[in-house]
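Attaching a single structure in structure tokens format; questions to follow.
Naming follows writing order (A, B and C), and every chain is counted from residue 1.
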Amino acid sequence: MNLRQMIRGIAGVAKRPATIVRPADDLGSRWDTFLEKHLPTPLGKEVAEADVHVREGRFQRSLSLMAGASSVLAGLEVSYEHYKGSYGQKVMWTPVVLSGAMTGAGVWGFFNKWAAKTVLRWVSVLTLIDSLVGFLFHVRGIARKPGGWRLPVANIVMGPPIFAPLLFGVSAYLGLIASFLRPEEAPEYIDITPGRLRGIRRFFFGRRVRWTQDIREGRFQKHLAVATILSAFFSGFEALYSHYKNNFRYKAQWSPVIIAPLLMLAAALSIRSPRAARTVLPIMSLAAIVDGGVGFFYHARGVSRRPGGSKTLLYNVLYGPPLFAPLLFAACGVLGLLACLMRRERR
Amino acid sequence: MQSIDFPMHRHAPGEEVDYVIIGVGSAGGVLLQRLARAGFKVLGMEAGPFWDTERDWVSDEAGSHQLYWEDKRVTGGKNPLALGANNCGKGVGGGSVHWAAFTPRFHPSDFEVYTRDGVGVDWPMSYWDLKPYYELLELEMPVAGPAYYPWGDPHGYAFGPHPMGGVGNTLVRGCTNLGIGVSIGGPVAILSGSRGNRPHCIYRGFCIQGCKVGAKASTLVTHVPDALENGAEIRDRCMVSRIHHDTRSNRVTGISYIDRDGKECFQKAKAVIVSGYAIETPRLLLNSACAGYENGLANSSGTVGKYLMAQIGNVILGRFDEPVRMYKAPPAHALTEEFYETDPKRDFARGFAIQTVGPLPIAFAKQMMVARGNWGWGMRRIMMDYNHWSSFGLLGEILPWADNRVTLSHETDQFGLKVADVSFNLHENDEKLREFGRNKTEEVMRAAGAKEVVQEARFAHLVGAARMGSDPTSSVVDCYGRTHDIANLFVCDGSILPTQGSANPGLTIQALAARTADYLISQGTVIFNSDRRDMTPPPVRPELSPPGTHGVGVPRVANLASR
Amino acid sequence: MSSTSSGRDSVDRRPYDAKSGAPLPQREQPGYYPGFSTLGQKRFWDEATRQKVLDRVHNVPPIRFFLPAEVALLETVVAHLLPQDDRMPSRRIPIVPTIDKRLHEGRTPGYRFAKMPPDGDAYRIGLSAIEHMAKKSYGRAFGELTWREQDELLKSIHDAKPKPGAESVWEKMPIHRFWALLMQDCVEVYYAHPWAWDEIGFGGPAYPRGYMRLEHGEPEPWEVDERRYEWEASRDSVSDPSENEIASHDGHPPAGQGGTH
């Protein structure tokens, strides 16, 4: 693959098919036509095609890369959070190592279909398990603080961040999804399970084939909406208690606390109504993304304004407002946005 | 949180032990643990109680006085030292129970102040002899601090730094505004992440009242449990009254003590280690005077009790318009050692450090009484402003002087033992250093934005009074803590320090104890049946650390400075 | 608690409002943190601490060390050293009984200054010195003096420039050490009381629940923000000067005795 192809891969437009099949019932295709018409010429086509790729599940490369990139963020966050906890237990290294592995696997998956299907998949599964285990450790950590769960407020705020490990699992989740997708250059032909095998698969796996099949075809909007709900909850809850810890010194600290439940609501509505998925969901997702960006700015400013400022930069990054937390919040918005680009499950 | 409930081995009455350790404090706790782990029969004698922290300790300033040595003592001289809560602990863990847990290392220069600056004395060892033990103890406690600590021999800490409280932020702001380097979030022996059954700090600010949480290191939670598991015995509430000496063999044979019921008992031992700290150690040696040592046991040099040192400990307080609430976060959480070393531009030798402190209301009221002369309505008014004040501790090196000393008073205590009479005077260098340090600290406080700055003169920490040295005519013990006079009598605690730098002494005291333990272990039974003095340095034994010490924490930045 | 009975004059000894000049109403809780109650948080304290603090609040120790006449005099003195006239009588913190308890039990801070007699003796000698000074300087017993005269006499001890009448005592007992002994004992009792913590906005016991808002002086969820008011000490009082007044002794600033680091 040459550089040009690579760039196009990122944009999701490798090997464009001659014609795009657009089922008439599909809201998305109208949207694509709209985009193609109204955006400036070269851009319009590319964006529309990217949209098609997403809709049809042909974005394995870009999602692999996204999973890799987001695990860089998650990895940075976890490594300094665990540094604050002094790596007092050896398990605390696992997410650090795994986020590195996830990054590697994501990049590899971008270049190599086989890696995306195998390496990325299993690293993602491992990371997901790790994040569940981490969650349990964090719950236990809170229990073991003086007063334990009898002092839930103090100990959730001051103990290990309870949902951080699950949030860490989001990039693994993306990786897992990516491993089931088709690469961008795959033919747009929808049902790619060879006909001979279809019956046998059904026999062994029953309906389970269907969800992977749905994913391959980009039909997992509801599924992604659920993921959006969960991650918005984790991230919003983190924002809630860390801003609470800070006594909501700035009005802006309320924004993620307000947006998160709205985004969750929008995503929930989208499960029932395709319309919501094309209206409120993108609006709230965009709001989350913008808010995450603004939050990142405020957090960076907060770090630089701490006593000592840039002269004690490392410490201030460590103990100032968490730099990457707003970006992870924005990532929930990205998830939501992705969800609205998907097609719905057949079921 | 830290009740130790497994059974303790009890030696049979009349049974001779290998080592009896007098005082299970900072040094005594480490010695007990090491020697027990190496398989010796060890017995720790402790005048105070064996704490059950959940039952005995309170999260309350006035209710914690039993942690301090409150028996009778007399203090005098031109600059009399306050004792008790100011510097002396009692009970298993000793001073490490109520210390603030600042744990900076001494600098390499501290070991050779005479050679470098022509003041004080040199140590009979170098920084590099002690360094491996600093590294061990920093893991055993463990010490939290920055990944790179720039002063002295630069190094990093395995446990991450702590978040800042209001006072720390003041210090950081003041220092950076003046271009002074500052270490944030440590080094302190307070857990920044949980370890084993010890939870991490809950930032409640009661360190000096004993850490009920178990986050702050004390030998009671770091070393004593392992010592007991390895067969050591601790007899608490037993006051050692005398060390017995056999004139013919010139060896000590055991000790007398008054047990918790007031009965006097004898305990036979093959060797005795005194770890009672800078006042009780010389007092016990002086009280154990006997034929051949009429001026006090192991005192042929006449230096027992002399060269007592405290550190300049002025508290500088600043009032801020915005609230600070300095009772939150551990008192110890940031410091600067930028002024630690001798600077030829100043007119005195040696230097000082500036550290955070966090007085609770009673301590603060007493400071205001001195610093602003407050009383009556003035006291009520200033106290209503408690939450607007921040405070720094100056920590300045006072040099060893022969006239700063512990002697025996004619008064006696509740056991009929002569009490210590402590005399303390500042000398010219000390006074100049204090003046300069105080001004500098006030400058930092102002640079941080304080509108009003006041200060209280005081002293912190104690060391010396049974100092180590290579010359038997001017020191009490050698570099392993063995008395020059008697081959099976050792002193190992803060009293053996020849000089003190301007670092808090606790870490160094424990590191010295670990080194002495390694030495004793390497000598095996030679100590018990021979007067031979083998001065070969012992191998470092990391395997004697309490379990769970190694393999956790962040890999440390190795020694960056070359020798 | 007879702090209201001392002084012969009937002038209101309450502090007054700086603007209106009217005496401040006596409050359950003076200070800038209205509504803040550390005792209200007692269910978040550990058992040992709760017992200790509640015992302090509910069980005032009996007088066993001082004689009745000494108690009366000491009560008057203490009412100047730590006046509580802005507190409602039912919310004043008893100080003398706890000092008495310490002396009765013979508890020391762990040392005695070489030139000082034992603490109990120091109290007795010092109290009689105060009586002598009152007689010599005003011709009346200390208890008969006006509030202001009492304040001025005590201030002369604070300043280490004692009014005449007890020269022989101060020759033997350093006056600034006697002052420190008195003052330290008073603050040690007053500021150990939860009502005093509420007054100054101190969080009180903090285990097993610690603190989470460490920076910027932010209050915990159960603490309250500061609400300041301007006040002046009673016009008859000399204990709240606008300038700091630090007495110096033999050319040395006085040294503190608490433990901090």
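Assume contacts are C-beta pairs under 8 Å (C-beta built on N, C-alpha and C of every residue); 3 or more make two chains touch, one makes a residue touch a chain.
No experiment lies behind these values; they were computed from the predicted model shown.
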Pairwise touch network: line, ring, star, complete, or other: complete
Pair of chains with maximal C-beta contact number: B-C
Between chain A and chain B, centroid-to-centroid distance (C-alpha), Å: 52
Whole-Å separation of chain centres (CA-atom averages), chain B against chain C: 33
Length of the line joining the C-alpha centres of chain A and chain C, rounded to whole Å: 62
Shared-contact residues (touching 2 or more other chains) in chain A: 145-146, 154, 158
Junction residues of chain C, two or more chains touched: 207-210, 212-213, 216, 218-219
In chain B, residues with contacts to at least two other chains: 163-164, 169, 202-203, 212-213
List of chain A residues in touch with chain C within their complex: 145-147, 151, 153-154, 157-158, 244-247, 249
In the complex, chain C residues that touch chain A: 44, 207-210, 212-213, 216, 218-219, 221
Chain B residues touching chain A - in the complex, by the definition given at the top: 1, 142, 144, 146-147, 158-161, 163-164, 169-170, 172-173, 175-176, 182, 184-185, 191-195, 197, 199-200, 202-203, 212-213, 551-554
Interface residues, chain A side, partner chain B - complex: 83-90, 92, 141, 144-146, 154, 158, 306-309, 311-312, 314-315, 318-319
Residues on chain C engaged by chain B in the complex (per definition of touch): 15, 30-32, 45-46, 48-49, 52-53, 56, 80-83, 86, 107-115, 151, 154, 158, 180, 183-184, 187-192, 196-197, 199-203, 205-219, 226, 231, 233-234, 237-241, 244-247, 252-261
